[in-house]
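Shared between the two complexes below is chain A, which has chain B as its partner in the first and chain C in the second.
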Partner chain A sequence: MNRITLSGDLERNLRTIMARTYVRIVGAFREPSWLIWDTVLPIINLSAYVYVYKVMNAPPEFTGFVILGGAMIAFWLNVLWDMAAQFYWEKETGNLEPFLIAPISRMAMLMGMAIGGVFNTTIRASGILLAGVFIFHVTFHISDPVAALLAFGLTITSLYSLGMVFASLFLMYGREVWHMSHLFQEPIYFLSGFYFPVKFLPFWLQVLASAIPVTFGLDAIRKILILGAGLQDVSVNIVALAFFSLVLFLMARWALRYMEDMGRREGRLTLRWQ
Partner chain B sequence: MEISIESRNVSRTFKTGRNSETGGILKALDDVSIGIRRGELFGLLGPNGAGKTTLIKIFCTLLLPTKGSAYVSGHDVVKEADSVRRIISMISGGETPGYGLLTVAENLWFFSQLYGIRGDIAKSRVKELLGAVSLSDQEKTRMNRLSSGMRQRLNVARGFMNDPEVLFLDEPTLGLDVISAKQIRGYVRNWVNTHPEKTVLLTTHYMAEADELCDRVGIIHEGRIVACDSPSNLKAMIRNRKVFQFQVAGAGDHAKLNAVKGVVGLSWTHRIESDVSTLKVVLSDDAAVSEVESSLKASGSRILSTETPEPTLEDVFIHLVGKGLE
Partner chain C sequence: MAVRDLARAFKDAVWLGWKIDANWTEPWLFAIYSVIRPIAGMLIVIYLFLVGSQVGEVNDPKYLSYVFVGNTFFILVTEMMLSMGWVIHEDREHYEVLKYIYISPVSIYVYLLGRACSTALIALMSVAISLLFGVAVLGMPIDLLAINYPTLALSIIIGLVAIASFGLILASVALLTARHGGGMIGQAVAGIFYLFCGIIFPVSALPSWAQAVSKVLPLTYWMNMVRDSMFGVRPAEILDDLLVLIGFTAVFYLVALGVLKLADFLARDKGLIDITTEH
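For the complex of A and B:
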């Protein structure tokens, strides 16, 4: 009889995370054409905003805001379309059944996906930042690298935890949830201030925007990298991001269990073409 | 003998929508009770839609029973799903899980990691299993460059990666060519023979596969187990019945034969290109054969040949259910 041990469970889940990360990274580099399209096309879009600000004689830091917003959009899109829909694609390719009957945490599978996704998206985001530096002469300040790393790390943690919550919906409802992804995409572009600082929004919209973790993350990263702020200046953002990370991570854990149980009960867990 | 897989009065229903013919509820399993002994290769034989896959999904923790309880190695599949998952594996025929951009060996390594298998052990198991499914020469080929048959064989290898205590095979040879199917059957039989502590539940609608592989066979029809015994004992059930096989030309209404006195069960296949039907008829006694022949002639069919073959599991199925698997 197999003994259930914590170390056994931990090792299995760590190996799962590593294996799923491997798939994501190796798979991406075996079809590297995405590197060109995922980097070049967003720059064209961002350029439009940069020139709008130039025509309006906006302060020069606005160019940096747009470039940073564009880099963070890459992560948001990765969460919304890859991370969230992960279980849908696994279901369609026949991978979900072997995953679900394996003695692993569903979070481990998604964390592997998230790490691989962050790695690949960081390459894309770096391309956008480099374009900002070389084409639009944006200057980034890295006077407080700890603050920058903390803000970025917590933003990514909260974003991908939100992605895991969405993944639980895809696990249960499959393609029906595509609409939700569409529904979230543009409003969050707007409310999170990917292309402009949120402080220009009406107060009630700012309150609404504060419910979105990336709003705090983007604001903090802009303050640190463009305006040269330090950890103390963004402490409120850091606390908010830590709160979002914890709550969303726990919510994802609960939602995945709940949706899996419901799927087993209703027989929708491995139902395809839904 | 210790019971490894057990279901106690398991039923499972599905909602099918208000406008369906079934009144919105489909009963996939109806009060199914089976006990499969440790070390046994047990076959579940039935047509498509009989409930075979539903039962396997319940044992594999993918689906909850609506009523009753199910156990794998003593673990309740509902309350102790994690314990069940540690000791099982499942191979579904026709499925090709894995990642197209990974190589054959990488895919197997990936699935081994879900069971926490150390790298060196995983590597040697990958080599062994690729040899078993004749894919050694494809080790470094990307999965998206394999033929569909090769991908299915890779799926079979995947199912053995964690060396499960209990293996569920859901139509494992579905769609495979004759040679590959035979190879897979041979590997499964050999695996059970050399590992007497392992248990296999195989679902199939291939009679020969169940006959060749299984220690015992359960026949499932419309969600109910209608018979369960060794293939030889099942065939012995119809030793007092007579099985006749007719080759007839002309597509008459063969279903009318069911009304002939002495006909216990009937199945047939029709070849459109030659307009020849092969009918299997299970009779309660020899005397009914002349009635059957008369009925065939009356319906416009011309009898080309008549044989009395050895009873097969298909004949048992016809005897029990009244019709063939197709």
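For the complex of A and C:
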């Protein structure tokens, strides 16, 4: 019998991450139709918002705001549906039981999904950004690549940690959380300023928006890539994102344990079609 | 199949759709959930207008009404596209009942139309509440007494047939494709109409090739009719749009039936009726 050791645990969880990442990436490319739905068609929807700004003679950087917001929406949707709601699907298709029986960390499994998801979604987001450059002639500044990478990395870390918190809810609940995920689409697009800077919102809405990590992330990335800002200009955003990443990661760890325990007690871990 | 059987299958599909959409929570909570998303969507375009008018050179209240009406009625399109793009995946892979529907004496076509009808009824409630919210709370410049309600009702009925036709095409595609990506297809196709049909900006702002596309989409004429009805235009003035809308709707409906028949055959032929797709 294998002894349980720290290095053994680490190795097993790293293998879990790799395995889940592999499934996500290879699975996605086995059915390439998503490239059309996820890459080509979203730009059409975004174009409508670009045209509103054009009709109103808004400055060209506002076109860039819409395109960048559309690219970040790809990550937000991936967090909501391919990360958080994935446990729901695993439960429905009967995969959750083997996952829970296996001697692996739930976070390792979710991290694998996240890495695979980030890979797939980066393709989608890149398609949107390239379309923005070639169709709408958006100019992106990469004068401070370190700041851009730091802001993007921290935004992704905080978003996917938040996704893990949401995922924990699916261990206990079903359609209630599914509908909650629906609810986190347009209201978050509005509050977090996916199509316009949040400074245009009333103060109390800005306060509410500051509780959402993507608000800080999007603001920082927008300032760096569209307005040419540097690390110093977005230092507050970076600190806020680092804080969100840490807190949400710890919260996810706690929530996954708590909700799994509650699911076990109430017999909901294997409850399908709830 | 007798007409009575068809009617019963349709009614049951509507009822099932309503149950699936609504019975996960208390009715009041469902009502809140049903209007929060459309209202947030409305706030996005209203803020696009407000931000645009602050940083741009145009500040026309008529354009605000234009944007508000277009976006509010577009809820019907979004919800039906989302629902019809997802219903096959949901029944096939989530509830795993698609194969049972197929072997029951119910036509898949009637079943899908029933599910579309259920979504349309819920979406109509969202439209009504969003309109009232926009006028009463946000002060949108719409005169509720000036609306031409008969032409509005007519345009909604014909428009729903056109939207359901596109929904049937989406469901047909879903019969042949995997679940991942399935959640996006409805939203993505709705985006095409959002851009080309003059929903939140005039079609004249598009390049000429895109204006040509908008001319063959029935929802362009539907949106014109809805907007004219909302602003109290007389029936005689919307006759052209009405005739073109009816013509295009009939064409797309027949195309949708053909596409569904083909997809149905291919799905059976390739053994896709009960596939599950994981990633």
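Going forward, the second predicted complex is superposed on the first by the 272 of 274 C-alpha atoms of A that agree within 3 Å, B and C clash if a C-alpha of one lies under 4 Å from a C-alpha of the other, contacts with A are read in each partner's own complex, and residues count from 1 in each chain.
Operating definition for what follows: a residue touches a chain if its C-beta (ideal position, glycine included) is under 8 Å from a C-beta of that chain, and two chains touch if they have at least 3 such contacts.
Just so it is clear, the structure is predicted and the values come from calculations on it, not from any experiment.
> Which partner, chain B or chain C, touches the larger number of chain A residues?
If we count touched residues of chain A for both partners, the winner is C.
> So in the superposed three-chain picture, is A:93 touching just chain B, just chain C, both, or none of them (first/second/both/neither)?
both
> Is A:264 touching anything from chain B or chain C once the two structures are fitted on A? First, second, both or neither.
first
> Give one of first, second, both or neither to describe whether A:190 is in contact with chain B, with chain C, with both, or with none.
It touches chain C, and chain B stays clear.
> I'd like to know which partner A:41 touches here: chain B for first, chain C for second, both or neither.
In the superposition, A:41 contacts chain C only.
> Mind working out whether A:62 is in touch with chain B, chain C, both or neither, as first, second, both or neither?
Only chain C is touched by A:62; chain B is not.
> Is A:140 touching the first partner chain B, the second partner chain C, both, or neither of them?
Touch status of A:140: no partner.
> Now for A:23: first (chain B), second (chain C), both, or neither, which partner does it touch?
In the superposition, A:23 contacts both chain B and chain C.
> Answer with first, second, both or neither: which of chain B and chain C does A:201 touch in the superposed model?
second
> Please identify the positions on chain A that touch both chain B and chain C, taking each partner from its own complex.
23, 27, 30-31, 93, 95
> For chain B, which residues count as touching chain A in their complex?
Spelled out, the residues of chain B in touch with chain A are 12, 14-15, 57, 60-64, 73, 82-83, 85-90, 92, 95-99, 101-102, 106, 109-111, 113-117, 142, 158, 165.
> Looking at the complex, which residues from chain C come into contact with chain A?
24-25, 33, 36-38, 40-41, 43-45, 47-58, 63, 67, 93-95, 177-178, 180-181, 183-185, 187-192, 194-195, 199-202, 205-206, 276-279
> Quick check on the complex: what are the chain A residues that touch chain C?
The contact residues of chain A facing chain C are 23-24, 27-28, 30-31, 33-34, 36-38, 41-42, 44-49, 51-59, 62, 77, 81-82, 89, 92-93, 95, 174-176, 178-179, 182-183, 185-187, 189-190, 195-196, 200-201, 273.
> Which of the residues in chain A come into contact with chain B in the complex?
Residue positions touching the partner: 1-2, 4, 8, 11-12, 15-16, 18-20, 22-23, 26-27, 30-31, 93-95, 97-104, 264-267, 269-270.
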